[in-house]
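Each of the next two complexes has subunit A plus one other chain: subunit B in the first, subunit C in the second.
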Partner chain A sequence: MTATKTDAPVAPAGDGKQAAATEPVGSARSERLSALVQQHGALAVLVVVSLVASFSFDSFATGDNVGNMATSSAFLAIVALGMTFVIITGGIDLSVGSLFALGGVLAAWGSRHGTLVALLLPLVVCGAIGVVNGLLVARSRLAPFIVTLAAMLGARGLMLALTDEGANTYLIGKGSFLAELGQGTTLGLGNPVWITLALFVAGAVVLRRTRFGQHVYAVGGNEDAAALMGAPVARTKILVYTLSGVLAGLAGALNAAWLASGVTILGNGMELDAIAAVVIGGTLLTGGLGYVSGSLVGVLLLRVIQNVINQVGSLDSSYQQVVSGAFLALVVIAQTWLGRRRQLL
Partner chain B sequence: MAEATLKTVPLDKARVMQWLQTYGVYAGVALLLVVNIAITPHFLSAENFRTQAVQVAPVIIVALGMALVIGTEGVDLSVGAVMALAASVTALYLGYGLLPALLVVAVFAAVVGLANGALVAFVGVQPIVATLALMVGGRGVALVLLPQLEDLRNPSLASLGSGDVLGIPYLILIATVLALLVAFVVRRTTFGRQLLAIGDSRPAAELAGLPVRRVLILVYVGCALLAAVAGVLATARLQASDPTSLGNLMELSAITAVVVGGTPLTGGRVNIAGTVAGAVLIQLLTATLIKHDLPPSWTQIAQAIVIVAAVYAARGRGKR
Partner chain C sequence: MAPPAEVLAVRGLSKSFPGVRALDDVDLTLHPGEVHALIGENGAGKSTLIKLLTGVYRPDAGDIVFQGRTVSFGTPLEAQKAGISTIYQEVNLIPLLSVARNLFLGREPRNRFGLLDSARMNREAEEALREYGVRVDVRRPLRTLGVGAQQMVALARAVASEARIVIMDEPTSSLEPREVETLFSVIRRLRDEGIAVVYVSHRLDELYAVCDTVTVLRDGRRVHHGRLAELDRLSLVSTMLGRELGEVRQEGLTKFTGDHHATDSRPVLEAVGLTVPHKLNEVSVSIRPGEVVGLGGLLGSGRTETAKAISGALATSSGRVTVAGVPLRGGSTPAAIRAGISLLPEDRKSEGIVPGLSVRENISLAVLPRLSRFGLVSEARVDSIVDTFIERLRIKASSPQQKVGELSGGNQQKVLLARWLAMNPKVLLLDEPTRGIDVGAKAEVQKLVDELAADGLGVLLISSDLEELIEGSDRVVVLKDGAVVGELTGDEVTEDKLMRTIAGHAPEKDAVEEAASDG
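Right, the complex of A and B next:
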């Protein structure tokens, strides 16, 4: 009873704000619309851009082009999946680009000692760096961006140390299981695409249907409240950074298998692409709200825009960066605006 | 820095941490100097100090702007992109003379700063994302304007890069003057006080009637202008405009210098002298490792450890 009494004076005040902002009747509908745009805005843009592109360029909607786009998006998508978890907890992981490169080099290096080593080594090492990130963020309470920035430097240093300062490129032998995993196709689509799809389904299930997923949202929504409700805040954070590290390492390993070598110059700036994809996909950087499917759409949207710019031909590839930057800014502005509206309503 | 902690641990722990936060960076610089004098041949030559100082000057200039932004509880990831933008705009407009080129550079940098500031102050986007967008877009624009490296033959630009007054290179003079200027702004002006108040608590600053949005925009414009100065100086030293690689990872070096120098990421405090010392510390560390033929990979790992150690040492302050 006391609860309802204390709540009572607050509710009409909220209503008053609503009435000032919009018509009282349309408020619920308008709130739903905001949520809808936030969640599916990127998908709508992706559909429109793809439709326009397939009408404008003959070579866009061909099987080859779509297959290539899908395979080359797969690696960024896996990285973005881990980033989605981290960002929903209100954190950020800037080390994924370096871990991606490190994972590729470790896989190629390990492939000389058998497939199992080649697959496990990147996951274990990158996962371990993720654990360190998580421990520093969760236990020592350091700012995520500075911790993972340091990890980005450290991981790239480690990768350079492994490859004689980048002079040495390890190759992956043809016909090995690893090469097949990266380069082979199943039902017309590259194996990395299938792996990515499986990971996203698993990720969505974990986030939506498991206790751990609920903890991820709770920690991002309000850390203190989550702790008071008994959610294991520190453990959840350590797990998401570990997951992000493992997935970045896996993406790197798959990419190396696809290229048949551990290329050392990859992954620069990949963290930015991953963050951009996650944000474009409707996940709030403040944490507590986000969608795994949105991140996949975000990755595809970035890739389609890049493809369109390449198709135009007269445009230099630097325009890709300009467009990505402008697009990211637009999305963030829209999100902030929508978020503020939803808070007001 | 690690040795310093170990030696003094028996003392009161809180006081040691406090001391470490304020003076740790100077102790680190002193330690590196002593170590180098002991083990590095030809370290104590004027030529060596000159080289180190010229190399560190652009980092210091960028770090000054970064310190101001971090003081408002923000961060600016676009500084490297602004340096690249400054390089390509300099190359494009150098034909009209150095001064007009510099003016155009300033306009471009101010636009980037305005965009950052407007996103943070008016739209309410988190600084890390707002400046991320400008970081990606800014370098894109720089590359669109000037797709590849271009040699610059301009006597006045060359003298800016390698000339000196009484044996002190212009680069060092400019960095010193800017450091003094920024320190004065932070300590002695209303703007500086407002900046720190916003960093302490933006809602409180708003309630107190401070012009929060104007100050934030000015801070980001200032940071972009300082980065542009660093970009022009680096270009002048290279005598070539290189928008592809100039300023890469500069945001990282600048943030490291600021954090190592004892400015907390939580805002509300700016330590300019510490920032300069932080940049010098990283430079000395890198130089030491290079002079002893340790590969760049070790330098990066060492830098990573220094960053974590510095943030770890500064962490108590945020909680109190």
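Right, the complex of A and C next:
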């Protein structure tokens, strides 16, 4: 027992050590701060970027520009809302871009049979594809990446078949309720913006204040433990993919109403924008942790950066993607660092 | 119904998996307020029994009568709702969810709008946890709590859900002594409230401290049941291991010659005071060249952990390892390999062989860096090494190109052995080298171990097969609850002596002192 001494005195046979039942190492304050940054970091960046932009460019903080940004963000935001649920369960949904396009075409096509058909058709069809995604992921235990990739290809094919390879563009008649829903404004803001806000409030309540929401977190946090704790793992997964499909269809329908037609070339790569927005908003790609409010902020941040680059006339708009990409990389690095600091990863 | 009715009556429960009869005609009776020890070695069927009771598996035959009704749970949720809760050895909660939300998952208090009542949930969670000596901010993610506190949350969760039976599967493996005391007081409270507890543990002290009755399983069958107080420790151990006391030692059951002419030279391996929190406590082992040292002890006593700590695969909080007098940097597997330590892991499927690669590739995997120059591998040298070992270890493969996945378990084990021998190790750590391989191959592996020791290697042998351990080892270091409790040398290396040491029947003084002075 002479040469064996290490730097610390050896505790006698395990007792005398401070048991871990009280506060663990790392002060509660630093943990709170990290949690705050992880949850609201994107919001802080959004505020700063917006402030700088409004001082730098006269045309940034105008009512028109803000209104346009808000309305054009609305559709991606709705898609990102569904994506948030999927990612918190530890999954991914690559089909939303195609479902967005399909939803738009279905709404425009259905508008000749009345508003009800125009609205319900995209929700039902895209929701059904979401159900299939969920069933394959949850029951057949296939990788979400592959399942939704297949759905992405299939849904786009279906959309092209409906439009004769994109040759047919269905229009939405002016003055219809559907057109009003997409193009009209209430209290100075576009209707899609109000619908989006309402959906996000509902989404936040569902996620934080219902059992289903708890199950979403539980499944993403530790699927095996969730099953042993009695959470309905398969049902939860099926529901989040269904929700994601329905919301993508709805976003597509609203977008078609806004544009007054079912444009077939939309939605390419939208799934990646949605994933980027969700991750920027503080949701962990590995699942188990996330916030819908963050996803909304993420969408706005992407849109503001795009707008700022457009304002800088000398910058080619292609650089917008470079900036978005670099920004995303920075966010993921910061998230990982914060997560490790909080001992979450 | 009669008042002292049992809360659970299991009759003739059987369950088979392909190739294994995991549980064979097992009975189990639990009365309200009974704390029942369920014990057995690896593969005895404890886990299977628990999983049948909790709805994870369905029985092939037999009845489970719970509170007078025959039940058949389809999922853990159904069992839980009916009143059978389980806490597992590894904490099974959601790390990123808050403590309170973990505690209440699936039975959250809701307000009149059907929404979760967070304030009430946090308040009740705090109150509930205080009873278990856990005072934390319940809004924090569970992950930020210590393992012991997490286990307490799991316990609080299991107990809070109006359970009639609480199954605890090695609940103390990650607890501090103080927390174990808290756990015991909870168990006693459960007993007073008429809740039955099934307690699985390998720590004999704990069993005798809290359990009233006992069921011993071995090879899927119930081999003993009754009051624990009527079964002394030694009988418990011998029942569990399936050995009669005083059983005559039969020579020749294994292929070990039992004599390795261990030289008096300096130890080739010296491990001193290895400590891993919750797992090892000041474990010391030394091996001389040409010596086979056995590690004895029950499941969970720290045998595998000792081997892993020596080989750098498990980080130690204190202790040191020297190889041929040269100290080793701890916690680094590459450093251990360079120093000449090779570990043949317990689970060769997940930690050892690469089934899709050929025999040749599997053997040369670890040694490749040494056979290459400027990043290029000398094929001729690889061939010569591979051929040498295929011949020397008598590996039966159609050619060096055959995929290892197609070989028998015994030959896979030999391929692994060859991989490490190609590194020219000084010390070989063998963790269950003959598990899961057929009798013939077993004998061959045992013979090889003998030959390797005769060639001057130091060998550390871990085996649950008592005969193998006793006959194969020159000395046996006995572990219990992560600490060395004795060392058997020379004529003491017998099954009888080993079981007595495990059971804690005061081993000979000199054995204890020898083990202690070893550190």
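Heads up, the rule we're going with is that the second predicted complex is superposed on the first by the 317 of 345 C-alpha atoms of A that agree within 3 Å, B and C clash if a C-alpha of one lies under 4 Å from a C-alpha of the other, contacts with A are read in each partner's own complex, and residues count from 1 in each chain.
We adopt the following convention: contacts are C-beta pairs under 8 Å (C-beta built on N, C-alpha and C of every residue); 3 or more make two chains touch, one makes a residue touch a chain.
Since the structure is predicted, the reported quantities are computational estimates derived from the model, not experimental observations.
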{"item": "Which superposed partner A:Q311 touches (first subunit B, second subunit C, both, neither)", "value": "neither"}
{"item": "First, second, both or neither for A:A225, with subunit B first and subunit C second", "value": "second"}
{"item": "Touching partner for A:S30 - first (subunit B), second (subunit C), both, neither", "value": "neither"}
{"item": "Which superposed partner A:T115 touches (first subunit B, second subunit C, both, neither)", "value": "neither"}
{"item": "Partner chain in contact with A:G157 - subunit B first, subunit C second, else both or neither", "value": "first"}
{"item": "Subunit B versus subunit C as contact partner of A:S176, first or second or both or neither", "value": "neither"}
{"item": "Which superposed partner A:Q214 touches (first subunit B, second subunit C, both, neither)", "value": "second"}
{"item": "Subunit A residues within the subunit C interface of the complex", "value": "1, 3-4, 6, 8, 10, 13-15, 17, 19-24, 26, 28, 31, 205, 208-211, 214-215, 217-218, 220-222, 224-232, 284, 288-289, 342-344"}
{"item": "Contact footprint of subunit A on subunit C as seen in their complex", "value": "75-77, 80-81, 86, 88, 92-97, 101, 105-106, 108, 114-116, 118, 132-137, 140-141, 143-149, 152, 157, 176-179, 182, 272-273, 275, 281-282, 318-320, 483, 519"}
{"item": "Residues of subunit A defined as touching subunit B within the complex", "value": "92, 136, 140-143, 145-147, 149-154, 156-161, 165, 269, 272, 275-276, 279, 285-286, 316, 318-326, 328-329, 332-333, 336-337, 340"}
{"item": "Residues of subunit B defined as touching subunit A within the complex", "value": "75, 115, 119, 123-126, 128-130, 132-141, 143-144, 147, 252, 255, 259, 265, 295-301, 303-305, 307-308, 311-312, 315, 319"}
